[in-house]
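This structure is in structure tokens; I'll ask about it shortly.
A, B and C label the chains in the order they appear, each numbered from 1.
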Amino acid sequence: MEFTIQQIAEVLGGTVEGDATQPISSLAKIEEAQTGSLTFLSNTKYESFLYETGASAVIVGRTLELRQAIGPALIRVDDPYSAFSRLLEFYAQATRTGKRGVEQPSYIGETSEIGPGHYRGAFSYIGEHCKLGENVLIFPHAYVGDRVTIGTGTIVHAGAKIYPDTVIGQFCVIKAGAVIGSDGFGFAPQPDGSYKAIPQIGHVVLEDYVSIGANTTVDCATLGSTRVGQGSKIDNLVQLAHNVEIGRHTVVAAQTGISGSSKVGDHCVLAGQVGLAGHLSLANRTTVTAQAGVGKSVKQEGQILQGSTAFDFKQNQRAQIVFRRLPELEQRVERLEKAQNATEKP
Amino acid sequence: MEFTIQQIAEVLGGTVEGDATQPISSLAKIEEAQTGSLTFLSNTKYESFLYETGASAVIVGRTLELRQAIGPALIRVDDPYSAFSRLLEFYAQATRTGKRGVEQPSYIGETSEIGPGHYRGAFSYIGEHCKLGENVLIFPHAYVGDRVTIGTGTIVHAGAKIYPDTVIGQFCVIKAGAVIGSDGFGFAPQPDGSYKAIPQIGHVVLEDYVSIGANTTVDCATLGSTRVGQGSKIDNLVQLAHNVEIGRHTVVAAQTGISGSSKVGDHCVLAGQVGLAGHLSLANRTTVTAQAGVGKSVKQEGQILQGSTAFDFKQNQRAQIVFRRLPELEQRVERLEKAQNATEKP
Amino acid sequence: MEFTIQQIAEVLGGTVEGDATQPISSLAKIEEAQTGSLTFLSNTKYESFLYETGASAVIVGRTLELRQAIGPALIRVDDPYSAFSRLLEFYAQATRTGKRGVEQPSYIGETSEIGPGHYRGAFSYIGEHCKLGENVLIFPHAYVGDRVTIGTGTIVHAGAKIYPDTVIGQFCVIKAGAVIGSDGFGFAPQPDGSYKAIPQIGHVVLEDYVSIGANTTVDCATLGSTRVGQGSKIDNLVQLAHNVEIGRHTVVAAQTGISGSSKVGDHCVLAGQVGLAGHLSLANRTTVTAQAGVGKSVKQEGQILQGSTAFDFKQNQRAQIVFRRLPELEQRVERLEKAQNATEKP
């Protein structure tokens, strides 16, 4: 995609100083920008970059006064940062999610429906009895099993797998390689020491505005629903086991694992590589720091947990500091004992 | 799928009270059941739910006496729980694994064989010189490389990748996105500080009744076999490195990683996010708790390990409890030292 | 693939003792070798295996003197180990990466170019405006988005997903199911407690000789590049977040996660299940042991870190040892306090 500086200035309602006919093909940070790219200067603390940047054009404030001659053209606007943000969104939209129409070969069951404005990439698969809304984008190699429902504007990225009976809301993003609705890990031990699979006939519900990370796995419920609440964002390589329930506007960072039937409240933040045991619940606004292992429920809102096994963040911090001094602490105890022995013996 | 209450009662050998002609389209928990769903009441402790449930029908014991009028129809059987379990299995079978036949386009090498009763989904790929048994189900986007053997009744889910030369037994389940037989992580450091890949020419063997979780990775052996023993169940996002050997009927929970050449015995349980170093072995019936990191071999059977680095579970529990009190412990030592100084100084 | 012992001896410049016409179809360890397989004896410490092996042929040194009659044929060479290594590489090349040509159906955008000697597997997808070099292998179900560049000799394995605008160097290996360039996990909190996705318009750069493991995820940069330096090797199920930079010849083991904008130097080693917080940097030749959690930058080269949270390896080892004795340590302090009380009270 290529635009002239003039075209971009018009979109932003800005005025150009310099050669407005130069082509722009990418957006960049001011310190990394090269010929053909557009950048911005918002905080005048970084004004020196303006005189060094390799960018073809820089978005600046209307009132900025130059201290020396510069190479790039300028686009002057009221608020450079928000102007640049609008361009970012437009660019992301245009390049990443601007696909429409149907590439062949692709597969869709005869009994399935899909709304107008959709994209179905080559080698995408949609089973039978599916209902997909308007502007749904199904990228190449995505798999959508039978009886799946997907709301308006949701994007299913390349190679994501949506199992039968999954219900996905509007404006969700399912990133590449994610697996939604695979059988939960439920096995009944048999008298001979072997295991027998417990049928998993529930499904997964993702409410509106949910984001699921690349190669993340969300298991279906044994019965009922595994659920991610409205607006919650799940990062890459996360494991949500059967019957897990995540509240609204909760954030779960990469490689975290939540065991079967556990419930996480609204507005929680789980950092990376956190583990939650099964059948517990976290109150709203709970924060769990990276690599923590939570073994029991948290009832009071707003707690911060740390450590494996996890407890109060500040208390854990203090214990961690003493942990580093443990060898010295042991020696101090030893010295006290020797002194005591010396006192007692004589 | 829809059945009438009458049809289901006949399958279960039960008798109907109420309107037997109503349609049933799903199974549900008694407290979540809605119109069109069937549930069960096994434990009379929960009898109150019977009078509140929105289900269209409830499976109950033959001898249950109603305390008040109810909405749903009843199907009376000898053992409600096992009747419901049978329905669950039947339902899971019918909806999840009931696929048969070939969808197009799909790819199979001319030199490969596949037994009767199979399913090959659209965009599934089977290379050359493969031997697949009866009733093998290959879902859309699954990749089966050259010279792979797969036994009777095994299911390869959507987008699973089976590398060349893999040997898979009967009645295994390979879940969506799993990668079986990718090159092991073996690199020889060179004099200039770079790394050179060590050729990985071994393969993976999955014995009968093995389950491999979604997006789990099992690397091929450098030479010989990476092996998962009969009946062992591996959860999602697990990493089994080159030349790992898992015994029979062992359970490995999500996000656990086992390093190269390590051996895990029979009937072991590794909880979630466990790590095992390389070249060690765990005796039969070893249990490792969540997030533990095992750094050396376990020779005695039946041990339980906890912590990173891991040691005996109970000992670790006790140390964890004192860990929380470390700041106080340090203060107590400080007070003792002051007291001692006071004693000595005068 | 089958060769006679004579053919293999000629390739290796070796001389045969025994029946040179026997077919060889696999390579194996001497203690596991069976009929049809070739093995080697390098270290004479293991000479006893020579008289027990089931191999059809064994590569041995020219000067080895037999102590008894043996079954397998011998191929005598100057250096058995390096001769066998050459065979391993040849075999790996021939069986795993020997694919050439185009299988159908496969998809390539009209505006994309691919050099001679390539392989495009069935159901592989290449978007528009891509430039792929000579001998590039794209396995089945691999997805290559628009405007991707891939250098000579790079292999993209089954079901790997390469997002638009990714730049991949020469002789890289992208293993099955890896996701390169998915949107970073960046969300701006809104006044109402919800989150809004921050547009991610950067990309990923993999320099020459990089290896990316199965089901590993590498997020694109918010702006600019997420980068893996020349020769670095990333294992399976690793998470590299947006704007991460990995130096040259650095090794990252399985299930490790590196948070946004962190920089890892050259010749570093991160063991399995390690976590790095965001916005920090590790000096060249830093080593981080398994399951460690690094919370702050490391400026001095050559450090070894351990623990969660991580600090100096040796110091951590010593603290770990005292940790196991914490219950006893607490009791010792208790005894000291009692003794002191006894002294004070009277």
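Simple rule for what comes next: a contact is a pair of C-beta atoms (placed from the backbone, for glycine too) under 8 Å apart; a residue touches a chain by one contact, two chains touch by 3 or more.
Note that the coordinates shown come from a computational prediction; the quantities given were computed from them, not determined experimentally.
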{"item": "Same or different residue numbers at the chain B/chain C copy interface, by half rule", "value": "different"}
{"item": "Rotation angle (°) superposing Cα atoms of chain A on chain B, nearest 5", "value": "120"}
{"item": "Between chain B and chain C, centroid-to-centroid distance (C-alpha), Å", "value": "25"}
{"item": "Contacts with 2+ other chains: residues of chain B", "value": "105, 123, 141, 159, 177, 215, 237, 255, 273, 291, 308, 323, 325-326, 329, 333, 336, 343"}
{"item": "Complex interface listing, chain B residues touching chain C", "value": "105, 107, 123, 125, 141, 143, 145-146, 159, 161, 163-165, 177, 179, 182-183, 185, 187, 193-195, 197, 199-201, 215, 217, 219, 223-224, 237, 239, 241, 255, 257, 259, 273, 275, 277, 291, 293, 308-309, 311, 315, 318-319, 321-323, 325-326, 329, 332-333, 336, 339, 343"}
{"item": "Contact set on chain A toward chain C in their complex", "value": "27-29, 32, 85, 88-89, 91-93, 95-96, 103, 105, 121-123, 139-141, 157-159, 173, 175-177, 209, 211, 213-215, 231, 233, 235-237, 249, 251, 253-255, 267, 272-273, 290-291, 308, 320, 323-327, 329-330, 333, 336-337, 340, 343-344"}
